[in-house]
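Note that the chains take the letters A, B, C and D in the order they are written out, and that residue 1 is the start of every chain.
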Amino acid sequence: MSAHALECERITKRYGRIAALNSVDVSVDPGECVAIFGRNGAGKTTLLHVAGSLIRNFDGEVRVFGQSRGDNGSDARRTTGLVLHETCLYDDLTAAENLRFFARLYQVSDAERRAGDVLARFELADRAQSVVRTLSRGMKQRLAIARAMVHRPRLLLMDEPFTGLDEPSSQTLVTVLREFVRDGGAVVLSTHDVERAFDVATRAIVLERGSLTLDRSLADVDAAAFRHAYWHVLFTGTARA
Amino acid sequence: MSWLIAAYSAVLLGIFFFVMRIRRLRRGLTPRDDRRSPRR
Amino acid sequence: MLQTARAVLEKDFRIELRTRDAISAALVFSILVLVVFNFALDVNTPEMRRLAAGFFWVAFAFAGTLALDRSFALEKESGAGRALALAPVDAGGIYLGKCAANAAFLFITQLVALPLFVIFFDVSIQRAGALAASFALGSIAFAAVGTLFSAVAANTRMRGLLLPILFLPLSVPALIASVETTSFALGNAEGPSFWFTLLVVYDVVFLTASVLVFEYVLEES
Amino acid sequence: MSRCKFAIFIDSMLFITMAAAMAMIFLYAPIESEMGIVQKIFYVHVPLAWNAFLGFAMVFYYSFRYLSTRNPRYDRRALSAAEVGVLFTTLVLITGPIWAKPVWGIWWTWDARLTLTLVLWLIYIGYLMLRRYIESPERRAVLAAVVGITGFIDVPLVYFAIRWWRTQHPQPVIAGGEGSGLDPAMAATLWVSVAAFTFLFLALFGRRLDVEVERSRRETERDAAEAAHAQGVRT
């Protein structure tokens, strides 16, 4: 895959007078996992929504595996998995029915089998037949992530995926993401949890009032040093080397 | 005859009301007005 | 496109079988309206019996909006609507699936309410075939426009209230045609062919228009 | 700037044609034998209805253009055309009964055209209400365009439904057939009056549009100032 998994060029999005995003440039390669940090309202969610073609009119260019989102970008959407704050699941359907529906919607050939595999992968197999409404917050979150992966995307966009997950579930997610990245997938996730981010992210970026103020690989840095740099950015508004 | 006058005056009144509305909207645009104008 | 429509249709059916929200809401509401008509007007006079079809369809016009409002509420509540908008499929397919489901729910509600209607208004079904056709085409007509506008209204603050305001004026031709064809089926009117053709034209026009326009309604700009 | 020259042309034409129309209506057009002077409401009622219809055709066109180009310019025009269209339709629904009462003794007749106007009025009141309940400008424009298009598609269906429905429930006809058997003088007066009201429509449309253009100009100005201010803080 020569092209980047995700390329965002000069992304600017305004809501009336407020510039949610101010010419943000980010590119993510297959095999990379990028964690987005930033205060509430810094534009993390907006950036993910723009990258996931949830928001269509913005200035700038978004390409997924070299394929622009100009037209309805159905190929681009087939290769992307999106996890939002909402679960995006039907509360009155069972876990299995939800996954089967979305698998068929995304034209997954072996929908039945794939739904079962993904359920097992997120330890939800035993609750497959229970209606989503009866599941706990953590299980719903895991099911929402499972839904985003059922059509075998190669790019995962996740908005604070760790929220609501207990320790074992977070651990499962970390292993799944590591495997996903190792198999050549690309992940972009927003989070506030520095420790968790360090378990899985290969690179970190910081958004500050809609602008990119830090973009640094995490290869040679440990969590403590990064947290220090991150807070420095937050409180002084300027990136320290 | 009075019906005729009633009809024509109704039309005039309607047009007058619309012009007034346009003026009110235009006045609503001046910077002083930061509240959301009702007819956005 | 059809494959998507089938998936969405089955999904809506499965949810409806489990919750039975749409059908029960529409059924209870239409029965209520028929009962209220009975109290408000002395229904047992011959003239009133001639208007029975009108009462029936007025009850369904309003009951229909309840069921249709439900149909997109469930997409909005859990945010599943966004996942639908993002699926690499033609939005028209999603529309057709939901529209077919809504038409079916309306049709089923009508059949279930029919016996009560016959008892309340003391009418006799002369031509069952015409009645079934009138119900079917009428339900499709209401579902075609109703599904589109329930998606439109789902994006606004006044969701529940806006749907009837947008939907009922547009359904006037379908309402007139349905009432005329139903009263023909009840033996109260003649020459229904024009009305059946109008219903078919109405269904085709609004199904195609909605399929073409639906992607704009689904998208979140 | 072309807008201004065009506006002057419209206003002057409005003034000329409206004066001519009023003169013809009250001085030239003969008094109708049966209905008497009250028939002269016809010269206002019909032009208003035709121009309202023109207005809703414009809403359809601009909505279609907006959906294909996403240029807010068309959304502004659709809004302006819809508002003037609803004004004209309201005036038709006021002058209709005023005319029907003295002539047929009833306020409302389910005459095909009058009923069509009523349904149109309901459709576009819904259109205007929809616009009020959506926050984000882009969403409002898109959804309004969808209603603008489907609303207009419904019109021929309403027309045929009511025409046929009316043959089964005969009603007095307000404006006669399509200008059927009109005395030439009356017909001429009608056409001048239609032209006058078309210019009136365009004049009101232009002014209403200017307000929207002004609104968006101020908004972009305010956003630019905002961006400059934000830029100033960061560097």
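The working rule: contacts are C-beta pairs under 8 Å (C-beta built on N, C-alpha and C of every residue); 3 or more make two chains touch, one makes a residue touch a chain.
Predicted model only: the values in this text are computed from it and were never measured.
> Comparing A-D against B-D, which pair counts more contacting C-beta pairs?
Result: the pair with more contacts is B-D.
> Taking the mean of each chain's Cα atoms, which chain ends up nearest the overall Cα mean?
Closest to the centre of all protein C-alpha atoms: chain C.
> Counting only Cα atoms for the centres, state how far chain A is from chain B in Å.
The answer is 51 Å.
> Once you find the CA centre of chain B and the CA centre of chain C, what distance in Å lies between them?
The computed centroid separation for chain B versus chain C comes out at 39 Å.
> Quick check: how many Å separate the C-alpha centres of chain B and chain D?
Taking the mean C-alpha position of each chain, the two centres sit 15 Å apart.
> If you average the Cα atoms of chain A and of chain D to get two centres, how far apart are those centres in Å?
49
> Would you mind listing the residues of chain C that make contact with two or more other chains?
219-221
> On chain B, where are the residues touching two or more other chains?
As it turns out, chain B has no residue touching two or more other chains.
> So which stretches of chain A touch two or more other chains?
57
> Could you list each pair of chains that touch one another?
Listed in label order, the chain pairs in contact are A-C, A-D, B-D, C-D.
> What residues on chain A touch chain D, complex-wise?
14-17, 19, 22, 57, 209, 211, 237
> Inside the complex, what are the residues of chain D that reach chain B?
Chain D reaches chain B through residues 37-38, 40-41, 44-45, 48, 83-84, 87, 90-91, 94-95, 98-99, 101-102, 132, 200, 204, 207-208, 211, 214-215, 218.
> Within the complex, which stretch of chain C touches chain A?
Result: residues 3-4, 7-8, 10-11, 14-15, 18-19, 74, 77-80, 82-89, 215, 219-221 of chain C touch chain A.
> Touching chain C in the complex: which residues of chain A?
Going through chain A, the ones touching chain C are 52-57, 72, 74-75, 77-78, 80, 82, 84-93, 97, 101-102, 104-107, 131, 147.
> Sort out for me which residues of chain D touch chain C in the complex.
67, 119, 122-123, 125-127, 129-130, 133-136, 138-139, 142-143, 145-147, 149-151, 153-154, 157-158, 160-162, 164-165, 168
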